[in-house]
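Across the two complexes that follow, chain A remains constant while its partner is chain B and subsequently chain C.
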Partner chain A sequence: MNVRAAITIFSKDIRSELRTRYALNALIMFVITTLSVILFAIGNESVSPEVLSGVLWIIIFFSTMSGLSRTFVSEEERGTVLTLQLVARPVEVYCGKLLFNLVLLFALNTFTVALYLIFVTSFSVSSYSIFITTLVLGTLGLASASTIIAAIISKANTKGTLYPVLSFPILLPLLLTVINATKMAADGAALSEAAGEFQVLASYLVVITAVSYLLFEHVWKD
Partner chain B sequence: MDLFVSFERKMATKSIIGLWLTAVIVAAFAFPTVPNPASWHEFPIVPGLEEKARIIFFHVPMAWTTVLAFIVSMIYGIRYLAKKNMDDDLKSASSAGLGLIFCILATVTGSLWAKFSWGSFWNWDPRETSIFVLLLVYGAYFALRSALEVEEKRASLSAVYAIIAGATVPFFIFVIPRIISSLHPDPIVNSRGKIEMNGSMLTVFLCSLAGFTALYFWMFNLRIRAGRLENKQHSIGE
Partner chain C sequence: MPELIFQAKDLTKTFSRRRIFSGISFVLGKSDSLAITGKNGSGKTTLLKILAGVLSPSRGSTEILSDGSRIKDADRFLYLGLVSPYLQLYDEFTAWENLDIFRKVRDSRVPESRLDALLERVRLSDRKGDPVRTYSSGMKQRLKYAFALIHDPPVLLLDEPASNLDREGISTVYGIIEEQKKKGIVIIATNDAEDLKYSNRIIDLDLLKAGGAS
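Now for the complex of A and B:
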């Protein structure tokens, strides 16, 4: 694998994203609208931090589902797939796209979490070490799994609806674990108590990335 | 002549599976449960389950076949990716279709049993959650297949999806027990080591397991043959 080729694809995607700001603008608005709906729904009720840690990941899951398929779908829509297949090897394309999705999701999640902590006042984090580790590991796993599913659905007819349908069963072990770990962070558990959750998240990340790395060639090549 | 022999053999397989499963079903319902089983056709009373324990003869083989069908589907998916032979894709999809049927049956029988043992049809017990995820995976697999038109693309993408799903499903074994504790008989029964199936119960259970596995392979074979004929018909039509 040529690392430079992967980085070139990554920087091409970043440049095209910064020029059009298609994904970023839509995603920021998506997060703001979802958050405001939740705030309206909560109103003056007092909601337990346990429920709110689940709600945070619901926002993250659905914003991922609305934005991360973009990298592959836009290649299909603009008809640039064949060129990309000619100039780069599948592994390089995969690594470039994964890197782009990682950066996009990290930016998005930082934004989401910051807004969430500011506006949802009944949600407070007692153990920041657990919270940040969960966020980092969760974002890595989420980006990795949704990149390969995005590559699959970009070839299908009904791209938008199929994406969450295919991703949900794959992401469920990750989502259950991050929600549980976020509850622990809200409760102020010690870092060692969440070690089991971190092990699951780390091994999930390794397994998904390895499987995608091996299988991407079959998805990408026509 | 040759055709006739193979026809006879197929009839024989069908009748053997039919008779075998009939015997299993009769035994599963008709053998009485008694406090101290003495003769070969009596079941012991399982504390807390009593007559409801009979579900084991149907529910467990169905759940087993669901998993078996998924594994077979995944293996043929891997073979398709390695050899690009459309026949492997037919096998993979046929097995997944059967798996979906058995998955629905296992969910329904389990849910009925849960109503009478736990008081509600569905309460997100870990086992219920896992079978629900399997249902979702099967559903997503067929949603993906129907959204792809080019045959080769459909075959390779659905194989890839089956493999990814197969790689993540084992995580539930570690994840779910951390979140919810189970009331499902198997872990409870085994942890106490109290309830043991006696000889007759175990025999009927194993016979049922073998019968359902044979039923799966028979149906699998039937579907593959039907699929091949369908493909041939299409190619003649064109």
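Now for the complex of A and C:
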């Protein structure tokens, strides 16, 4: 694999995103709108940390679904897939796109969590070490899974609806684990108590990335 | 320069149950040029995509041999250049940025000066800093030639090579084809009689379907 090619594809996607705002604007608007609706819905009610941990990851899941598919869908819609196929090996395209989705999702999740901690006052984090580790591992797993799913659905006719439908069963183990770990962070559990959750998240990341790496060439080529 | 052979063996393509073409075989070496003709829907573009390695045949195979050694499928793109109406470049980038991205992705150690020379060749130097979205269809077609030639590929695949071009553009393209024929292989998918003059072999997909000789 030519690392320079993957980095160039990543840099091309970043520059393209900054010029076209294909995904960025949609993601930011989605997070702000969803958070506003949740704040109106909660009102002055007292909501448990379990529910609020789940709500945080629901926002992250659906905002991921609304924006991360663009990395492949935009190539397909603009007809530039063939161009990429002619200049790079599939693995280089996959790594470049994965890197782009990772950066985009890390930026999005940092923004989402910051807004969530500021505005949802009944949610507070007692163990930041668990919370940050969960956020990092969850983001890595989410980006990895959503990249290969985006590559698959970009070939389909019903891209918009297929993405969350196909993603949900694949992301379910990840979502259940991060919600549980976030609840532990809110409850102030010791870092060692969350070791099991971290092992699941790390294993999920390794399995999804390895499977994606092996599958991508078949998905990428018609 | 290594001796290059481009060969196709018994290529067949079917979509669902519809057979597009079958039994296409050829061997091309340096200075060979092949034209693929046939009416609309006969499978010219499909065949060209298979030869470019971006579409799999239902049966058969294509190979590039360099000094007798088979080039791996994953590395085939390093030996090919394609110009086609369905090939798209990035509209939000300028012509120069597009070429620079593809130069770096291919890692062909091509100097930046080659990009300027190619843009000059296709007469886009004065517009190289403009976003591609502001280009006319003819200018985009000329930029595709610069894209296909960045790495000086031994095999050049052209689908409707003169489409959207003015007289001067067509003359530039025929010049490129003549040059390519001296140092490598050219495969053209076309129905234009003028384009056919630049080929020393022809595969007629309609004749092939009818059971005649190609």
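Structural remarks
Just so it is clear, the second predicted complex is superposed on the first by the 222 of 222 C-alpha atoms of A that agree within 3 Å, B and C clash if a C-alpha of one lies under 4 Å from a C-alpha of the other, contacts with A are read in each partner's own complex, and residues count from 1 in each chain.
Methods note: contacts are C-beta pairs under 8 Å (C-beta built on N, C-alpha and C of every residue); 3 or more make two chains touch, one makes a residue touch a chain.
Note that this is a predicted model, so its numbers are computed, not measured.
Contacts of A:176 after superposition: chain B is touched, whereas chain C is not reached. Of the two partner chains placed by superposition, only chain C is touched by A:8; chain B is not. Legend: residue contacts after superposition of the two complexes on their common chain; A:200 is shown touching chain B, with no touch to chain C. When chain A is checked against chain B and against chain C, the one touching more of its residues turns out to be B. Residue contacts after overlaying the shared chain place A:20 against chain C, while chain B stays out of touching range.
Residues 222 of chain A touch chain B in one complex and chain C in the other. Interface residues of chain A, counted against chain C in their complex, comprise 2, 4-5, 8-9, 12, 15-16, 19-20, 78-80, 82-83, 85-90, 92, 221-222. The residues of chain A lying in touch with chain B in their complex are 145, 148-149, 152-153, 155-158, 162, 165-166, 168-170, 172-173, 176-177, 180, 196-197, 200, 203-204, 207-208, 211-212, 215, 218-219, 222. Chain C makes touch with chain A in their complex at residues 49, 52, 54-56, 74-75, 77, 80, 82, 84, 86-93, 101-102, 104-107, 147. Across the complex, chain B meets chain A through its residues 81, 133, 136-137, 139-140, 143-144, 147-149, 153, 156-157, 159-161, 163-165, 167-168, 171-172, 174-176, 178-179.
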